[in-house]
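Labels run A, B, C and D following the written order; every chain starts at residue 1.
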Amino acid sequence: MPIVKIDDTDFTVEKGTSVLQAALANDIEIPHYCYHPALEIVGSCRMCLVKVEGMPKLQVSCNTFVGDVPSDKKIDGKYDMVVSTQDELVQQEQKNMLEFLLLNHPLDCPVCDQAGECDLQDYAFKYGNAHSRFEEDKRVRPNEYLGSQIVINHNRCILCSRCVRFTREISGSSELFVEARGYNSKISVLEEKPLDNLLAGNVADICPVGALLSTDYIHKNRIWNLDKQPSICQDCSVGCNVDVFHQKDQILRLTPRENHSVNKFFMCDKGRYGFHRFEEIERLTVPMIMSEGGFIETTWDEAIEKTVDELNGAGKGIAGIASPFHTNEANFMLGRLVNGNVGTLPPITSEEINYPSGFRISGDRSPNRHGMNDVCPSIVDDFASAVERKDIRFLYLLDDGIDRELNELWKGMLEKIDFVVVQSYAMTDVSKCADIVLPGQAPFEREGTITNDMGRVQWLRPSVTTKGESRPDWEIPMLIQSKHAGVEGLTDVSSVMNEMGKDFAAYSDITFFRLGDQGLPLNGKAEE
Amino acid sequence: MSNNGAPKQSFSFADPDKVQNILSQYPDKQSALLPLLHLAQSEEGYISSAVIDTISEIVDCHQALVMDCVSFYTMLYTKPHGRHIIQVCQTLSCSLNGADGLVDHVTAKCGIKPGETTDDNRFTLMKVECLGSCGTAPVVQVNNDYHESLTLEEFEKLLESLK
Amino acid sequence: MDFLGFVIICVKVLVVFSATMLTVLMMVYAERRVSAFMQGRLGPNRVGPQGLLQPIADGIKFLMKEDIIPAEVNKPIYLLAPAMLLIPALMTFAVIPFGSTITLFGREVPLQVADLNVGILYILALTSIGVYGLVLAGWASNSKYSLIGGLRSSAQLISYELAMGLSVVSVILLAGSLKLNVIVEDQQGYLLSWNVFKQPVAFLIFLVAVYAETNRLPFDLTEAEQELVGGYHTEYSSMKFAMFFTAEYANMVTAAALTVTLFFGGWDVPLLNETSMGALGAILSVLSFILKTAFFLFLFIWVRWTFPRFRYDQLMKLGWKVMLPLALINIFVTGGYLTLTSLR
Amino acid sequence: MATIVKSYEPTFWDRLYLPALAKGLAVTLKHFFRKKITIQYPDEKYVPPDGYRGLHRLNKYPDGKIRCVACEMCSAACPADCIHIIPGPSPWEDGKERFPVRFDIDLLRCIFCGFCEMACPEEAIELTEIYDFSNYTRDDLLIDKEGLLGVYELTKDTNYYSRPNAGQDSEALTSDKF
């Protein structure tokens, strides 16, 4: 394998690795704009220039590849390539390139939403000149809408063409192109074919400057005010890794987080803007008991006592409805509570979409069906029909959430059962059928593990605090079960995972520590 | 986009054999893009959005890609134009050698700004990027001919000679 | 005693009492104004002309304040303590002559509430009772600050009472009587007949001891707000605090009057024979007394805003190692002088 | 060369302390009769010196548009964390894109250090020389955008940025660093 020397350090790299990749993989910073690991290399920004020994001019490191050289031609008898990123000439060129890039760039960082996570800002600060020699008027163009969600500020654009390549290579829809040539060139879109595919939001993420902006987040806040929490998208069974940006328990935006086993670098707009669904819901925060006139608020102690009473009275006629929207831990505790007599609601589906790059939007809108089936092995799919033949008197129901609509069959079935407990975060169709409603957590409040449709277990971290008196989803069935059985309850979600590992071998060595940011494939089940 | 508001019409090549002939000369379809565009321009006079649709179907690529190509080359016109197209180079050498003066001259004489056509359809004035003749700046391309090292007087004579 | 005599006594008591209280009010105002002036400020000047009604506003405020009795205090003593301090402070004034004798309704009326033959002893006894008020207040409050304040005051008052008593002894030696009237009459006559000229050392000792006895700066260790918040009255509020406050200032008035009586000829106007001038003499004598007392009251304030507080060990050292020997020596010298002159 | 400092031997009079006491009394008495420096405040107004940092204001352009672009530089610079801004798109077509939908200053937290006006890229926030803005409730000391613009209307004749002392420190600060 070739040996490359970058700034006095030796690295052994795969043949055909670019210098930029080799440097980035080893934490050596080379500034770059047009290079993106998921996209084709064009070498148009010229920011990643490095000095390569034996080559007369500076080279773009993204498009210079390390190859095997015959041993007699090796530099110092050892290196296939010797690269300097700190050479005086390199530094001068970086300054010059930045001066070029900033010729027509407005210095409007105070009003730019990218400020704080802007490559141009960072590199200009780190590598650039303090002053521009450009005294003429800057080119000014009005903002344009490329699609319903994406607006472009032409003034800020540095024409790295990441967005154009994204639409050609990742989404395959090719809406964007570079119009005209030279001074007049700009990113453009055909009027009859705007940028409205389901991956459009990603172009705002990959834009290294503040040119492409998502209208959903524009002028909402400043990036340094927000807290960033790694999490998992809960809008389909793919389980894209995301970063949740929030402030004061309010989520402001979601961005994709790199995970090569799941979503690579991107996420779809359904998940990206999906969190808005939870903003104005009828959130449940206190336990409620159904009486003559309607629901009456009560305390947790009373609610649990009543549930346990009913549970005792029901004898063997108890069942539970697990939910593919909840964590493995919640479903596991539910299974324990109802002695494994578990069913589920009909799935919520939509069209499955596959992109040429391999990016996938699953047809199953629930994030954790795989995990639910794992921890509730005897699950009954067509529960509503199956229940007819059984004498069910107590039903504990984990509610899927605000997207769930109940059909007549289910409504009729729920009415027949003596006592229905619904654990939910909102007043949904399901909650309305309950005798007692126990407030659980909403998405983005939950903590636990979820398993995507490829069998990858991922750590779902809470991004915002749990509202009101609501309790963690796993804790509510646990409290009822421990009170019912008269045993000591579990104290935290890790101990639930531990218990779960005892019952299901596939989950036996799963801990938060081992899951980390990237998750783990299930033992022997994962496709990788 | 420069063809805003143009009514959408369908376009088809007058001689399909010619199209097939062009396509057969290249290893893949997309390489035939430029000759096809030239052919379409010779038939239609300019590249309309209908032309783009037709060609994108023939070469099997997105319209945006065709538009990318069309907007890159100044010889491909996206609007109807006059009989004589005056393209004044704007890039460094020509600019330093008085290209702006030539543009102002046309504007003063014919009353058209860059991008406009005279009422009698005689001239269309365009500012273009480098015409690749920097050694003999300033350069003006009239239709397909270069006129190099122009002074204002010569340019004036040139304009007079074009009818 | 006949009825008229009783009425006259009652009137005198009333006059002295109200005059003392009035002076206390004025002192509260004066304290703030004078301190402000000395610090380049103006002080209270917005209630009434020149802020003269400020003490009334202060008084009303005291009455209106919530009367807090902390939970863990010893209630009876806590309530009793302010009275135990205030009553002796007011009673002391009874034996101080504030003017010469006048003739009313055909009888001689001395301008003094009670002409006790043990006047000085009476005063010393009452000031000693006053210390109980402080100590009990400090103890009953059940607060560390109050307790320390009370302890300090008892130690301090006992220490300085000795020096004070001994300095007064030399005055008694000169006058040959414990009666304050006699002491005052003894100082009449020529200009330098006042005890301050005859007994300058005794005067100095007495003056310093008086500051200590009244808990005034530079000897206000019992309150020392930087260390003890408010000392013995930390836990008191409203009217009970006002009683402490009044007592403190009443003590000052008494102390000033006593200083005047013992060392500055009392109501004596130099070079005048007031008793022979009838009503005019009486008025002059009262005025003279008031003026002299006023000066010493001013001195109290003046000293307070000039000198810093003593450290506790310095206080004790001064009391026991300087003042007490000095006072003893002074008595010895005075006694020796008197013995020598009488022998001749 | 060592300097020999002889300790001061107090004389008898020094040890008596009485002359020192008299001297002290003389000092306070002298001050008793001196001219008083108190300003009779409500009747007589205090005139702050140039560069005084008082109540904030939000500046406008001559055409009435708010200068502020809600960049939140001031709230980032604020050491007391008293500036709270909610940005939004500007209601005006031309010019700046951003606009403060809400702009609240907690005057109870503010320490009037003036960092906000130094940080402001638009010269939008500015400290005036108004010092008498005490109030009866805490709520009344949370000043919002309308309040700040109201302060501008009151004081728009003065440009505090051009005060003799105001610019100096900001220039000194920036010239060092950049």
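Keep in mind that, in the parts below, a contact is a pair of C-beta atoms (placed from the backbone, for glycine too) under 8 Å apart; a residue touches a chain by one contact, two chains touch by 3 or more.
It should be emphasised that the depicted structure is a prediction, and the values quoted were computed from it without experimental measurement.
The greatest centre-to-centre distance from chain C, using averaged C-alpha positions, is reached by B.
With centres defined as mean CA coordinates, chain C is found 113 Å away from chain B.
Remark: chain C and chain D have CA centroids separated by 49 Å (rounded to whole angstrom). Averaged Cα coordinates give chain B a centre that lies 64 Å from the centre of chain D. Among the residues of chain C, none is in touch with two or more other chains. Residues of chain D found to touch two or more other chains are absent. In chain A, there is no position where the chain touches two or more neighbouring chains simultaneously. Chain pairs that touch one another: A-B, A-D, C-D. Across the complex, chain A meets chain D through its residues 109-111, 115, 130, 143, 218-222, 224-225. On chain B, the positions that touch chain A within their shared complex are 1, 4, 49, 61-65, 67-68, 71-74, 90-91, 129-130. Chain D makes touch with chain A in their complex at residues 69-73, 76, 87-89, 96-99, 121-122, 178.
Across the interface of their complex, chain C is touched by residues 18, 21, 24-25, 27-29, 31-34, 36-38, 40 of chain D. Across the complex, chain D is touched by residues 34, 36-42, 204, 302-303, 305-307 of chain C.
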